[in-house]
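Inspection log for the structure reproduced underneath, given as structure tokens.
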């Protein structure tokens, strides 16, 4: 028994080997080939992207090409696309020496994730009962981007501490879980969540946090020197922040109802975001000596308003309601960075690199609650009869559902997202603890050198001051290491 | 009397204390709460963003959701939104150590300004006479972004020399003045200014320049070491420049008339901008030894064509007319940077950090003049009868206005913008001279350290070469100061 | 004769003088004035951007302004615009000390090129037979941006080795050649190439490569110290990469047919791009010690899928077909960087700074072939009768063309693009070898100092550690040179 334990420990705790030369290409090739085969078997164009559109128009008496869903949703799709790749990607460049990993691995897992998401979501939502294929159009690719967002949020908690292979695994399972969770929430419970406060943010955040908890690194302080930002990396991260902030109205309105639904979702999100900027600046300034602002807060907590409007944006929450939501979120999220993140790291053993608990988990939960309350209090006075039916899809077998019932189901949706995030995170976290995924050692976290060919920065290389030629060669070698002192006595 | 003067001097000239720990959160909270209350009292969705849209469609015989104004204007709105936050924000990151302040305070005041703008513009333009509320839709949020642009332009003159609290005050008054000025120009004078050459650029620039004149700092050269750019900060600023440049066609066409109006405005702006790039490069090269280009010119003067097309973009100025406008603006604006900015600083005591006089004031005035001439010479031969009426809104009580009269009113609009900018600037400038706003001392201008927690850039820390261990600790201390020499004899 | 040769050598090989103070402004002014005159003579608004649109609507029974082509294409136009200026511009900032030149000269030649393209393409495609003028609308400005892309691709091969004046000449001829080539391919051969695999990428790449071959610099290794990237410049380049990658679906769909054409083109491109990301990461990791990824590959080869879908994107290539194309392109392109670029430099004397052979030439050719095959195998079963006619424009005098014939013409199009690229490149290359264009000396390539006022980077200046005051001044001088050692014995 003792032998077995020792053996296990040897297996689990052997020296980390972050060489991914076989595993990363292997995973990329296998999964991409699998995608090609599955797409070949299952995925086709839908009636609006198929060349038969001309005939479809005649059949459905559509008079103009502009009625193609492409023109309703493509501009929003592109905004969402920018959020996924530039928004999330650059938001994660804030670490001084992990910018390549931040933006690069974000790119990799998003590109894989969206393919798998098209399949998973397709099987659940767009399966053609006649021929068993998935019919895709612009709404599917928006949903695929949404689905990917969940995994990118999870990546935020793990930034700098995992290998790209682990991220691919995390994404494979994350998308799968997401699709099931989304099916339960949106289809079975018939919950409205166009911007994904629950489906995307709550799920993604708890998924990532749970994995981070399982992968806890007690000696992470060995990488402390690289765990912060540099001046320029903070400016790079602001690119991410601003593109997320600006395009969040498109995110929350991208798959809302045509017409007033998209219109209202965009306005509500716009207002909530503006409001959370002010409270973020306020709390950030209030909490520091001499009122100095902290870039971490500005880069993240300003976005909390968008997260929290994910569910309610398309409802008649009214402009001042949106402002209130943003007001609260900016405060909660900034307090999270000040209090919760250190607390969670110290006492709950959850190391959350980007603070996704503050940006996605808490505002996501709040968004779910706001959505439930707004739905429960919806009335025909405010929405009009037709408006109420359209907004909540009280049609078909849901024709008799009341607003109050809908509110209850909305609340149930929050729980489903939470359970999927936590349970899924535990399972995937355990898989990711297996010792062959090539994750970095505790002293090499947050370091691009591990997985990237990093250019030598001659530019930031200092002129070397020597007093004998012998020293030159000696020091050149030493310079390649990070902290050194030349003791020449 | 002497005592009084001394007392005043003591009050006005006491040592600067840039601690904003109380004032900034205070201002943010008070103003955000005021916004929530006012929005609660006044702001509602308009018929296109309200859930009653379905019923509205029946009433107005609108056959398709695509007729919702959202689909006409939302893509342009998002482009404008990018200009406000990324465009203006990153354009102001060019200073080597004020990038946080450039992009961060731009973010803060834009987020506040747009809320206040929705109210102020709403009261003047979108007030529902029935219930006294403001009905908002996508056009309102575009206009709010426009309104904010005026204040961000003003910020350009003051960049690095004011506190965030001063900026909040500047924005509060700036938006207020803007809304009144805009009401007078667009409604009372019935002037056309879709891209805001007068309303936005002329007003904003003179507002900022006048404030900068009042806040003149005679000892600003104490901050000279930080008053320039660094290599990377110049590249960051190019992000701002390019997003402004690319999306300016959307800016000038965002609230033009549906159909040909938006179409023509985009094309005209596109051409004028292209033209001003060439003359900017030409003058920049011509003015320097060995023809070396200056990034300051490229970052700014290339945009002058867009500013100057703000009024005339939707008119039939014809493609070559647009090219001529851009041609002249590139020259004028670059000369401004070469000649006017140093002249103004030396003789007029106006310190204009970003050179807004060259980018916004002069091209804005020129744009107003071009608009007046183009309007005055408009004829039914060129526009067609219906086209002329649509373009200049010669309807209702303006049905009998002729092109020539319109030209006169356009010219009057320029004066109104100028007067509001200068008089408003004097008033607000005096308010901002009050000594409790927390502005930085002359020797700490252009320095993020004053209002931000700036990360220590270990990265740019050089490997330390020592010849005895005693020196190590000694130098590590000294290294935290900027310019030092170790004299070890 | 010997004298003549010596004289010639003296003429061609005289010391480089990169002073462009006369030539650059001269070229800019002359060409911009020429543009104004030619626009004055030839360019007018088309019926959708003219103020007569209202009357045109009545004539053509158009019921709504939303039918204006502006609303079909403007969002895509803006995405393409971002690709041209931010995408190509920032992709070329990867060199550690040529970021100004990368993004700045890209800006200059794109701004000139689009004007000349409007004229050249207008004469070939949009000439009004009645009055001999060119009528422009949104589709023309998209096409002008496309046309510019060809020259920017060519710039990629020459980055850092040519003067801005040479680039202006390259662009003038490049646009001219492009317009003729495009006319032959699209009009005479009636080939479909909406995203320009042949017309833009193949042509542009071979044009640039041939010029680079003619301008071969045998002593380029003298600039080796500046020929690589720095950490931050690589992150800047990722901005370019991501905006190109995200907006490529808009590029390939911008001028496709309304309705299903645009819809399908966007989806196909989206999928191909996602697929090439995975194979790029795979090959990049596989090729390096310890599986370390190379930023050059990630920045470039990930885009190959978009290039290769330029022709076939609007066809019914089916989703899995798109994935396969992306799959192959990622592999080919990354191998190109690993094998072809060094091979071409060493044996073919082609110095290709950005590796456009791997990103544009090979994927462009492949895209042409894929398009030809897809067209040749198109059938009414897959497209429907109406769909087939619409997609391939089998109307008018092409009503009887079969799919198989179309495939043949598509293949012929590839050859035309190749011939124009190579022959055009030889001619323009010889012109650019003339000795008065102000190109930099071999030891000053890739250096912004040559054409730009570069700020002194105090920031990256290290604190100087001295042990006697004499050394201070000595070293300060030396610090201005790049590689130095102080031998103090």
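In this document, chain identifiers A, B and C correspond to the written order of the chains, with residue numbering beginning at 1 in each.
Here is the rule we use: a residue touches a chain if its C-beta (ideal position, glycine included) is under 8 Å from a C-beta of that chain, and two chains touch if they have at least 3 such contacts.
Please read these numbers as outputs of a predicted model, since none were measured by experiment.
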{"item": "Equivalent-chain rotation between chain B and chain A, CA atoms, steps of 5 degrees", "value": "120"}
{"item": "Equivalent interface positions on chain A and chain C, same or different at half", "value": "different"}
{"item": "Chain centre separation (chain A, chain C; CA means) in Å", "value": "32"}
{"item": "Residues of chain C touching at least two other chains", "value": "66, 71, 75, 97, 232, 239, 460, 462, 464-467"}
{"item": "Touch list for chain C against partner chain A, complex", "value": "66-67, 71-72, 75-76, 79, 96-97, 225, 228-232, 234-235, 238-239, 242-243, 245-247, 249-250, 258-260, 262-264, 266-267, 270-271, 273-275, 277-279, 281-283, 285-286, 288-295, 298, 302, 316, 318-320, 323-324, 327, 382-384, 386-388, 390-391, 460, 462, 464-467, 471, 475, 478-479, 482, 484-489"}
{"item": "Chain B - residues contacting chain A, complex", "value": "18-25, 28-29, 31-33, 35-37, 39-40, 43-45, 48-55, 57, 64-66, 68-71, 74-75, 78, 81-82, 85-86, 89-90, 93, 97, 99-100, 103-104, 107-108, 111-112, 114-115, 136-138, 141, 164, 232, 236, 239, 438, 451-455, 457-460, 462-469, 472"}
